[in-house]
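Next up: some structures, all given as structure tokens.
Same chain, two partners: subunit A is paired with subunit B first, then with subunit C.
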Partner chain A sequence: MLSKIKSYGLMGIDGFSVSVEVYVSGGLPAYDTVGLPDAAVRESKERVRAAIRNSGFEFPMQRITVNLAPADLRKEGSVYDLPVAIGLLDATGQIRNKTFAEEYLFLGELALDGTVRGVAGILPMVIGAYGQGLRKVIVPLENAAEASYIEGVQVYVAESLKHVVDFLNGEAALMPTPARKWDRARIAYPMDFADIKGQQGAKRAAEIAVAGGHNLLLVGTPGSGKTMLARSIPSILPELTFEEALEITKVHSIAGTLQGTEGMVSERPFRAPHHSASTASLIGGGQRAMPGEISLAHYGVLFLDEFPEFRKDTLEALRQPMEDGSVTIARAATRSTYPADFMLVAAMNPCPCGNYGSRISPCRCTRQQIARYLNRISGPMLDRVDLHVEMSEVGFEDIASRSAGERSETVRARVNAARRVQVLRYKREGILFNAQLTSRMTARFCALDAQAEALLRKAFASLRLSARAYTRILKVSRTIADLEGSEAIRSHHVAEAVQYRSLESKYWGDTRR
Partner chain B sequence: MNRRELGALGEALALRYMQERGFALLAKNYRALRCEIDLVLRDGKTIVFAEVKTRAASSAYGLGREAVTTAKQRNIAKAAAAYLAAYSLYDACVRFDVLEVDAVNNLVTHIPGAFTL
Partner chain C sequence: MKREYSERERYLLWLGFVLGPGSKRYFRTLTAFENDAHAMFAAAQKHDLPLECGLKEPILEKLFASATQRYIDGCFKRLAELDVSAAAFESPEYPALLKEIYDPPPILYYRGRLQAEPALSIAVVGSRAPTEYGRRMAHTLSQALAECGACVVSGLAYGVDCIAALGALAAEDNPYPTVAVLGSGVDVVYPAANRDIYAQIIARGAVVSEFLPGTKALPSNFPMRNRIISGLSRGVLVVEAAAKSGTLITVDCALEQGRDVFALPGRITDPKSEGTNALLREGHAKFTLSAEDVLEEYGGWRAVKAQTLSEPENLSLEQAVIRRLLLANERSFDELCELTGFSVPLLNSTLTEMEFSGIIRQSPGRVYSIECVL
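The block that comes next holds the complex of A and B.
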């Protein structure tokens, strides 16, 4: 009369195995769910009852106690419908197979007619269960694709409760879905670098930023192509590795944003939230502490257009995850840590009217207005952006010129080469690209020769740089050298890196200091 | 015929109906803790607590089953728990049924497992 079924729960992107215990006994007929269930879990009672009856099984008129162990961790969502139903049928002797409970992991929501519905977060659950030694999982059809990428796990697709029970009884076949090999997407990007006329400097900066995973700020007059440049960045992003894809997919699986993919993210995410975004939507949050835009942009690009228009506290909330590459969201009931190693690309006008510094249209803003506008971007935030680039209007010659610029493919090849160098160099450090270097690693991998050091010393004094800016310049120099294929960082690498810091004193210098 | 007589008639009809179908009577109008159960029956190994609702006219006052409200269900359960305790039937299988009696047409509708707690 007692049945124990294996299932899984999530806390952030990691999880814990859940034992669904169903006890059917005499006494007054009742149905109780215990083990810190949330509302969706408690409601499973009605779905399970209807699904069992409509699948042609008998729902016991007895005292039913469902326990989700461990009892001290909160269980969320509808994923336990299927294990509870299977446990009930097992406890009432409606499943003849007596050994299945040890072998299989059950995940899935039930419709009233007994159909098994998809749930969010299957991939991290299956990975977690695999780590705990389980090799056979029964998942909903909608989630079969994402689960089938985990090598060594047999994924069985559950279409309906009846089908699953027939399978356990040996009356129907449930073929494991073939394990999939992950393949990088070969997609056509809507925008190509060759389509952007002029703006050589900005394109170069974008290439460096992408090659090393650095943050990029584009300042420029309206129509200078900031948004266009940012939107074409996906076409030069380095190739995704399987490990990266797996980590990105975990986050997207939890957020339920995997629709339209083959079950696995196959390209780096590019997230562009509108500037009205709330802090919780950007950082993550809500009652269930769900991942936000910065986590959905993990190993990809977070593009913030009209940077100063974002709410100030929202922007400041980005600072800590930008340093750590992850974010911990604490709520009264839950506490979740999500990865958030994104590359920030921000675009802004130089002043409220947008024409400050323009060669064509005069700026109508007062000094105070400009200062107030620029000061919405705080010093600490600016400090965390490695490359600052100014973009001015494109001249007629550039627009009309027929000579196409470099194609994204060419740029991407250079980026990939630079990334390969980095991956190889940091194999033992547990990081993938230059932006992830810790200060200790920076000292080791970004050694300068005497000439380069002298140059940096001078820049440090004249640009009044912070210690953080100093290490960030070193990292960018590292990337510039890597793009050139040079293992040593030379003075011209440093010079270029320093140059991407000069905007700060031009625009913010007299307003802030 | 007043309400009490109508109720008694309905319960008699319901009891006969159940006995014809093999249910054994254990108690009639069992009272405990200010609550009452119309019929306590035995169906094989299962103890059945049945609430009888009788209607004289058609459905002017709603169906009998609709009259078994949540509060009434709680009362029945309370009395049932007392009954089980009184006879030390702690582990017995238990069911709550509702019996609808149409006193005009002598019709009984049996709803097994009408509610759980």
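The block that comes next holds the complex of A and C.
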């Protein structure tokens, strides 16, 4: 009369195993679900009842108690439909196999006709269950692909409740999905660097940013190609490793944004939320503390177009995750930590009308308007962006005549080489690329020779740089040297790095005059 | 600094405190008493002012009410609290040049040190939103003037005004480099963003205003202020002005007051230079290419150093190529990249070195041009 079925619940990207206990006893017909279920879990009784009847089984007219243990953690979503239904059938003796409950993990939502539907978050659940020693999982068809990448786990695809019960009774076969090897598909990028005419300076900045994992700010007049450049950045991003792909997929699995992939994310995400985005949608949150855009951009690019148009508090909320590479969302009931190690690419106009500094159409903004616009980006925010670059204005007659430059493939090869150098160098430091260097590490890995030191001192005097800008320039110089394959940072590396810092004093320093 | 006021100043200032800014009423009233403010104060105490004063009822009431020693002491105490001094028309520090104009302000409130007869004062005026060219010229010319010992008069608004003040302050050897004239009370810094420049001016020059301390910067105040800017100066240098620029009001004042007007030519296609070019065409202003052109009008003044665009030495091949290109025209980074064919890393580092050597400069839009020194 009592049945215990294994299932799994999530908190952030990690989870906890859930034991679904079903007890059927005599008494007036009743159905109670306990163990901190949310609305979706509580509603499951209607789905379970219909699915059981429509699959040709008997729904007991007795007192039913469903307990989701541990009872003190919130259970969310529809993932418990299948385990509850199996538990009910087991408790009422409709499943003859008496040992299955120890072996299998059940995950899935039920349709009223008994079909098993896909749910979000299968990958982290399967990974978690594997860690706790389970080797056989029964998952919905939609989620089979993502689950099948975990080596050592037998993934059985459940199409319908009846099918699953027949399988457990030994009357039908439920073939395990073949374990898949992750194969980095050759990705066809919609945009190539060669598509962008001119803008060699900005392209170079993008290359440096990607090679060292630096954040990038693009400033330029409307139509200068900021958005186009940003959108072509995925084509030069370094290749994903399996571990990275797995972690990205975990987040996307929870957010339910895995549709259209082979079950595993195979390219670095590129997220471009609109500037009306709320803080919760960007950082993560909501009642169930779901991952936000910054977590969905984990190991990829977060592109914020029209940067100053974002709400100020939203932008400021980005600062802490940018430092930590992860974000913890605390709600009254839950507390979830999601990874958020993204490369920020921000684009903005130089003034509200967009033409400040233009030689073609003059700017019509007053100084106050420009200052107010620029000051929406706070100093601390600006400090966290390593490379600032101005796009050159493109005149009408220029478009046809400009040379295209290199293809993304060539650039990506250089980026990959530079990343390999960094991974090797930081093997013992627990970081992957230059942007992650702490100030202590910077002193160690970014030593300058006398000539470079002198140049940097000059830059400080003339650009009025902050102390934080100093480490930023050092890190960027490090990346430039890595791209060139030079172990030492020479003065021409620093000289180039300084170019990507001169914007601040030119625009922000100037607004006070 | 605390200023002591003479008995005569005391009553001249009293009248100014009560009547507020504006020249006409003050001097007409005073003439009725044969310039004896004390006599007028005594008459006001007895509520007995003759009709010749031509004062209207409300202002009469105000004069009667304020004709007490306590009122005057209160005013002086407040001035001292604000660290503001006041100079009446007859005070020793009242600028001599300003006395010559048709409608001099009866009282000048000031902070800093006001000199009655500075060596040579030249106003530098122009657009509030100058082009890069205007900014550079305003700064270089003001600095050059101040380095020769001149005092640069400006309005401390955005744009050319405050750049001129900064340029003048950059002349470190000049003991009295600049005077700023405000369209608000001297204690009101408008625009607030100019606070540091304001502090620097007070330390070395003076900030003056005709308006009572605490007066807000109303748009109607600025034309009145402009007549003081030109009135304080022997010449007015217009750096950049559009066709209907407010700067031209200052030029009109200068022409009425018989002051010299200098204008910097701009490109004829540039709307920001339309006003200055028109002044030159109509012969109102002297064609000005350097500080020397201004100084030579006033015998005995010469530019300290004749500055020309000399060929810098020790240029690398890349630097020489870039310099040649920029001499012809300003260029964006992208254009330089196309024209030179240099790789981006090479171009980036070369440009940085040239910037730091002061050969070229970068302006918004990532446009590079030759740093020129006049």
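Assume the second predicted complex is superposed on the first by the 496 of 513 C-alpha atoms of A that agree within 3 Å, B and C clash if a C-alpha of one lies under 4 Å from a C-alpha of the other, contacts with A are read in each partner's own complex, and residues count from 1 in each chain.
Here, a residue touches a chain if its C-beta (ideal position, glycine included) is under 8 Å from a C-beta of that chain, and two chains touch if they have at least 3 such contacts.
Only a predicted model underlies this, so the values are computations on that prediction, with no experimental measurement involved.
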- Task: Look at where subunit B and subunit C land on subunit A after superposing the complexes, then choose clash or fit.
- Result: fit
- Message: Applying the document's definition of touch, where does A:Thr366 land relative to subunit B and subunit C: first, second, both, or neither?
- Response: second
- Task: Using the superposition on chain A described above, determine whether A:Leu28 touches subunit B (first), subunit C (second), both, or neither.
- Result: first
- May I ask you to decide whether A:Lys506 touches subunit B, subunit C, both, or neither, giving the answer as first, second, both or neither? second
- Looking at the overlay, does A:Gly133 come into contact with subunit B only (first), subunit C only (second), both, or neither? neither
- Message: Per the contact definition in the header, classify A:Met61: touching subunit B only (first), subunit C only (second), both, or neither.
- Response: first
- Item | Partner contacting more residues of subunit A (subunit B vs subunit C) | C
- Please indicate which partner A:Pro178 is in contact with in the superposed arrangement: first for subunit B, second for subunit C, both, or neither. neither
- Query: Measuring by CA atoms in the overlay, how small does the subunit B-subunit C distance get, in Å?
  - Reply: 72
- Shared subunit A contacts, counted only where both subunit B and subunit C touch the same residue: none
- Message: Could you list, by residue number, the parts of subunit B that touch subunit A in their complex?
- Response: 46, 77, 80-81, 84, 90-96, 112-113, 116-117
- Item | Touching residues on subunit A, where the partner in the complex is subunit B | 25-31, 61-63
- Residue ranges of subunit C touching subunit A (in the complex, touch as defined): 128-129, 158-159, 162-163, 166, 191, 193-194, 271-272, 330, 332-335, 337-338, 344-353, 355-356, 362-367
- Item | subunit C-touching residues of subunit A, taken from the complex the two chains share | 198-201, 203-204, 221, 350, 356-359, 362, 366-368, 371, 390-394, 398, 402-403, 455, 458-459, 462, 480, 484, 491-493, 495-496, 498-499, 502, 506-507, 511-513
